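The data blocks that follow each hold one structure.
What follows is chain A paired twice: with chain B in the first complex and chain C in the second.
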Partner chain A sequence: MKEIIKELQKIVGEKYVSNHPEERFIYSRDPGTMEPAEPDVVVMPNSAEEIQRIMLLANERKIPVVPMGGGLVLSGLTRALKGGIVLDMKRMNRILEVNEKSRYAVVEAGASQGMLQSYLKKHHPKLKHSIPDAPPIATIGGNVLIHGSGHISAIGGFHSEMLNGLEVVLPTGELLRIGSCSVTPYWFSRSPLPDLAGLFLGWAGTTGIVTKLAIRLYPDWKFNDVNVFLAEDPEITQDAIFRITATAIPEDVLAALSPKPDWVAGFQMLSVNYGAESKKELILKRDLIRESVWKYIEEKTGGFLPLPAEMKARFMEAPQSQLARFADVRKGGGFEYVGAIMPTELFAQACRLGIEIGERRKVSYSLGARIIGMGHCMMFFFAYAFNRGDKADMKRAQGALEETNERVLEIGGIPWKAEVPAQKQIIRKMDPKTFELMNRLRAMLDPNGIMNPGNWEL
Partner chain B sequence: MEHAEILHRCFRCGYCKLPSNYQNLNCPSYLNYRFETFSPGGRMWLLRAWLDQEIKTTPRLSEIFFSCTACGNCVEQCVFTKFKDDLLNVFIAGSEELVNQGAVPARVSDYFKSLNLYGNPYKLSEAESGRWAEGLGIEPYQGQEYLFYVGCAGSYDEQGQKMTRSVATILKKLGVSFGIIPKETCDGNEVRTMGEKGLFEKLARRNIDQFRELGIQKVITLSPHAYNIMKNWYPGLGGSFQVYHYSQVMVGLAGKIKYPGRKKELLVTFHDPCYLGRHNKDYISARLILNTIPGVRLVEMDRSMADSLCCGGGGGNFFTDILGAGPESPARVRVQEAKATGAEILSVACPKCAKMLEDALKAEGLEEKIRVMDLAEIMLSHLD
Partner chain C sequence: MRYDPELCRKCQSIDCLTRCQYIKLDLAEAKEERLKIIEGKDSRVLRECATCYACEEYCPYDNHPFYLIVERQEQLKLWPAPVPLTKQQIKMMAPRGKIVPFKVNKPVVNLCFFPMLAGCIRGKLFEGASVISGSDIFCNLMWLHFAKSSVIKERLPQMIENIMSYHLKESRVDEIICYHDECYGTFTHFARALGIEVPFKSIHLFEYLAKRLLELKSQIRPIKAVVAYQRPCSSRLIPETERWLEEIFRLIGVERPERKYDRENALCCGTLIRAHQRDELADEIQKKNLDDMKAIGAEYCVFNCPACFFSMREMVQERGIKPILLSELCQIALGQGLGW
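Up next is the complex of A and B:
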């Protein structure tokens, strides 16, 4: 390893290579419940060219390589399960281009969500990108590659659907571009070419290292508002989701239910965010949203929550910092969730499932869903808090997560950014031919099997 | 260890790495090193692992702890309101454990030794601490309204001395009644944040005893570091004085200064010192002073006030230089940010910031583009 470390130091500089026990300790784990797995060395490259050289070296020596963005997936995807190199991408955080007219931004893969958000506010105030509710240090690259979603997903779908193009270093060291940028100087779309981006989306870093990407930008409205629809019956909330998204007005529709605080227990809150260029337009949009669920307001089975200004600001915050605070519910710095991608028609069933698991297993839970597109599907989250200082409590949360993964698959959903055990559960349910194709593609791209080994394997 | 009960509550969400607008990295040591270990969350988890004996005491662990500049950005930005106030306290407690084990970097140890032997980190006689005052007609303290306490950087560092002389000159022009202690002892702010509790108490008690003997009730400090420790920590050792940073005294009197004629517009940006700003919440005094100077137009950097990026000189790093002066050192990043405002002057209110940023200007080759000037220096330059 000593010799390899020297080689790595030659590539990225001594300062950005570490095999100290401290770095190996921190990079062996994420804030979720998965057991730690130590890398041999942590490396922080600063360019695609450096990554190419690292990959050539890793291939020659057959050393595992685990690419890492913000390290905030919570499901342990950036742990070095077979040792080797963790490639911390966050030095590559430059915002390379913002095309105002074609509404896209080109960034390095380690650029953070917060950094782009702030950059756009200052330099392109009429544009914004879809921000996930991960902390702002989470990377844009990481979130797109795991099929994340965010504050504009009701319009734009998954963040991977907002992807216009990629620059990638293959496991064998070649650098290439995907999407319109492979043909023209513009990063405007993945169409009309054969869509090779799929070779890198959702693969948990097992097929290559994305170094640059272009994402779509959206109008940042002058006026913004949020309305929160409240109902006690999940079937009504489910129907309200379909009615509200059918208006094609909201940028974001987020459902939440939690047994705490007491005043929200038993209710589902559906926050509907939208914007407009004028106050008149905003009022019109608000009225159309209300009109869409008027049936329930008349029946008094649902209604809109009056929101004090402070509460409204919290619902409109992007990312919502209060979500991170869920980690302290058990005074113990931890939570993890099963984010299940599933049809929206399973919303009510998923609510009942989450409550049943949470209550039976006596875990602190919070449930909810971000609606993707006009109700086309959703990311339903089953979040469980735990006390990091209490091993038994962590185990309790882990048990709830494992059961949830299994039950989600049973009812027709698929765990998102799945932990390694959940990946195996998915593979077992998957059409064997699909998994065979995955393996063939992977073997073709990564002949030495060095990319994040242990993931998407049986 | 004190505050150990909060360690496992950190989620490592990373809000602590950023300013409130998320614009760029705002934790000085994380900005410089980029490994997660050097972020506040990394320190929290490492400290817990160290106390649980999952990791050993190593030079790297010491480097991680003593590269913290104690700037307070993590405390400001952490979203966990129930324990965020103790973030810095737990890092200090961790450093204290390392100090107690004798596991500190050589430069830190050398710093402690110098303070112990000489009462200052420059290894110079305390008798030289008042040299800056030669020719200014400033009297030793003998019952004037205020003691003007200068501190180590303002007494011994060449650039610090320039700042001290400017501040003293302006205080005189404003008619402030003050005297100095020709043989000053270090205020102890840095050693406290570095976990050397015993040495801190020794230094602080020397100052407190001396102030008491001289009958001092009011203190004006040159450095925000001295202001912080005397205002917030000396009372715990029985030393209760009315303590002001010089900008807080000047702000009430600045209107008295009659500047000659009209001046052409001068774009100035202000770098908030951590110990005046985040630690003591005074973001206003310095800005009000700048606004009284004819022609001065204040432009803010992207990161200002509670979001200000530390110069990297706190937590003893001004002397120990654990952080180093590479291209991603906070001072070099900060001067580039200042230059981006279009300002001709990067104004400061701390001798450590002044030196750190001046050196960074040279390293970045920006001396021709922007100058570092203390508030009082700007005032004086407009009196010519």
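Up next is the complex of A and C:
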């Protein structure tokens, strides 16, 4: 390994290679429940060319490589399960282009959500990107590649659907482009070409290293508002989601339910965010959203909370800091969730399931769903907080997560950014032919099996 | 409840309904609807009531027409707001049983459910004051907006008892200053109508401020500004406090010109109307109210009710008017900076 480290230092500079125990410790884990797995060395490249050279070296020596963005995935996908190199992309954080007219941005894969957010606010105040409810240091690249979702997902779908193009270094060291940028200077779309982006989306870094990507941008409205619909029957909330998304107005629809504090127990809150260029338009949109659920307002079985501006601001915050508070509710910094991608029609069933598991296992839980598209599907989250310093508490959360993954698959959902055990659960449910194709593609792209080994394997 | 149906039957003017700013009724219609309400039958009044409390002020006999409306809404389950909203609010504002006894000194200022306003109780104006607040002493009168008199009746005696036993009794204090009209209205008006005994004396914030400003008169620097006052719903229960408000404005040197939607014609802040899911009505009255404030050239919009303040302050600001709580305006006149 000494020799490898010297080679790596030659490529990226001494400062950006480390096999110190402190670094190996930090890079062995994330805030979730997965057991730590230490890399042999951590490398921080600064260019696609450096990555190409690292990959040529790693491929020749058959050294595992684990690409990493913000390291906040929570399900342990950036742990070096077979040792080797963790490739930390955070130095490659440049914002390369913002095209105002065609509404897209080209960024390096290590650019963070917070960086792009503040860059746009400063230089292109009429545009914004879809921000996940993750800390601002989460990377845009990482989130797109795990099929993340965020504050504009009710319009734009998954963040991977907002992807216009990629630049990728293959495990064998070749650099290539995918999408319109492979044909023209513009990064405007993946269509109408054969869509090769799918070779890198959702693979947990097992097929290559994305170095650049283009994402869609959206109007940053002059006026914004949020309406929070409250009901106490999950079936009503499910139908409200269906009705509200049919208006095609909201940018974000987020449901939340929790047993604590006691005054929210038994209720579902559905926050519906939208914006407009004028007050008049904003009021019109508000009225149309309200009209869509008028049936429940008339029946008095659901309605919108009258919130003062200060409280509305909290619901309109992107990312939402309130969610971070739950993440540390048990103190000790442990938090993980099963984000199940599932059809919206399973909302009520998922609510009941989450409550049943949380109550029976006596874990601190919080449930909710971000609606993707016009109710086409949702990311339903079963979130569990635990005290990392309390082994029994952590064990309880682990048990709840495992059971949730299993039960989600049973009812027809799929765990998102699945931990290794959940990946195996998914594979077992998967059409064997699909898994066979995955393996053939992977073997073709990564003949030596060096990319994030241990993931998407049985 | 102290209510005399005969007084209502005999009333010729039916001010409670004909003067209503939210339901348009001529005298004949008002007579019809009044009878339905007396007899406990469904009435459009029960369905359209904005719960602004104003009819309590309009009634020449102090016969509690608004309290009756709320009773009837609850009896007939004609909920003004969606049931989950009401249930959640009631749970959220329930007594937590976390009250701890502590000694208080006069003046004891009751901040009701607004502990975040504790910073307002400061300086010469409130020298030596003790502050009490929180869910365990919350007056609960707001459930009138949700057709839930029963919750007030259930909780209020305990709240009164808490104020006495946790704060006043041991300290040998027998009076509190009610920062919010709602508490003063509860202890002096609603409790009396319901026959609930209140063993301490309630002093309205206006009376306290007026008297204190008089003591500090030499230190007052007149503000010399035109103000609009946003009268809250609960002040309808206690219109006698208006004279203290006039006195305060005189002492701090502000002018409150006549305007269309002030005093007996005051308009609701809109919050509860929004809770009733009547956004168009809330938009309309807020616009009328703000246009009216603008028309008199108001520099400040003065609030006493924290709920009105929180719900209207952004829109007031957008119109170029400064939203301010009355006690803070008095602090300015005394040369104190804004504390909240």
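One rule holds in what follows: the second predicted complex is superposed on the first by the 458 of 458 C-alpha atoms of A that agree within 3 Å, B and C clash if a C-alpha of one lies under 4 Å from a C-alpha of the other, contacts with A are read in each partner's own complex, and residues count from 1 in each chain.
Just so it is clear, a residue touches a chain if its C-beta (ideal position, glycine included) is under 8 Å from a C-beta of that chain, and two chains touch if they have at least 3 such contacts.
Here the structure is a predicted model, which means the values were calculated and not measured.
Undergrad: After the overlay on chain A, what do you see for chain B versus chain C, clash or fit?
TA: fit
Undergrad: Going by the contact rule set out at the top, does A:389 touch chain B (first), chain C (second), both, or neither?
TA: After superposition on chain A, A:389 lies in contact with chain B alone.
Undergrad: Considering only the touch criterion stated at the top, classify A:88 as touching first (chain B), second (chain C), both, or neither.
TA: First partner only, chain B.
Undergrad: Figure out whether A:3 sits in contact with chain B (first) or chain C (second), or with both, or with neither.
TA: neither
Undergrad: When the two structures are overlaid on chain A, which partner does A:431 contact: first (chain B), second (chain C), both, or neither?
TA: neither
Undergrad: Put simply, what angle do chain B and chain C open at chain A, by C-alpha centres, to the nearest 10°?
TA: 70
Undergrad: Quick one: minimum Cα-Cα distance, chain B versus chain C, in the superposed arrangement, integer Å.
TA: Chain B and chain C, overlaid via chain A, are at closest 17 Å apart by C-alpha.
Undergrad: What is the shared patch of chain A, the residues that chain B and chain C both contact?
TA: Comparing the two interfaces on chain A, one with chain B and one with chain C, no residues are shared.
Undergrad: In the complex formed with chain B, which residues of chain A make contact?
TA: Answer in residue numbers: 15-16, 18, 20-23, 25-27, 31, 42, 44, 70-72, 88, 90-91, 112-115, 117-119, 121-122, 135-138, 321-322, 324-325, 327-328, 331-335, 387-389.
Undergrad: Per the contact definition, I'd like the list of chain C residues that touch chain A in the complex.
TA: Touch residues, chain C against chain A: 79, 81-85, 87-88, 91-92, 94, 271-272, 274-275, 277, 279-280, 283, 310-311, 313-314.
Undergrad: What part of chain B is in contact with chain A in the complex they form?
TA: Spelled out, the residues of chain B in touch with chain A are 8-15, 17-18, 21-24, 33-37, 42, 45-46, 49, 54-56, 58, 60-61, 64, 79-80, 82-83, 302, 326.
Undergrad: Okay, in this complex, where on chain A does chain C touch?
TA: Chain A reaches chain C through residues 230-232, 262-264, 267, 283, 286-287, 290, 296-297, 300-306, 308-310.
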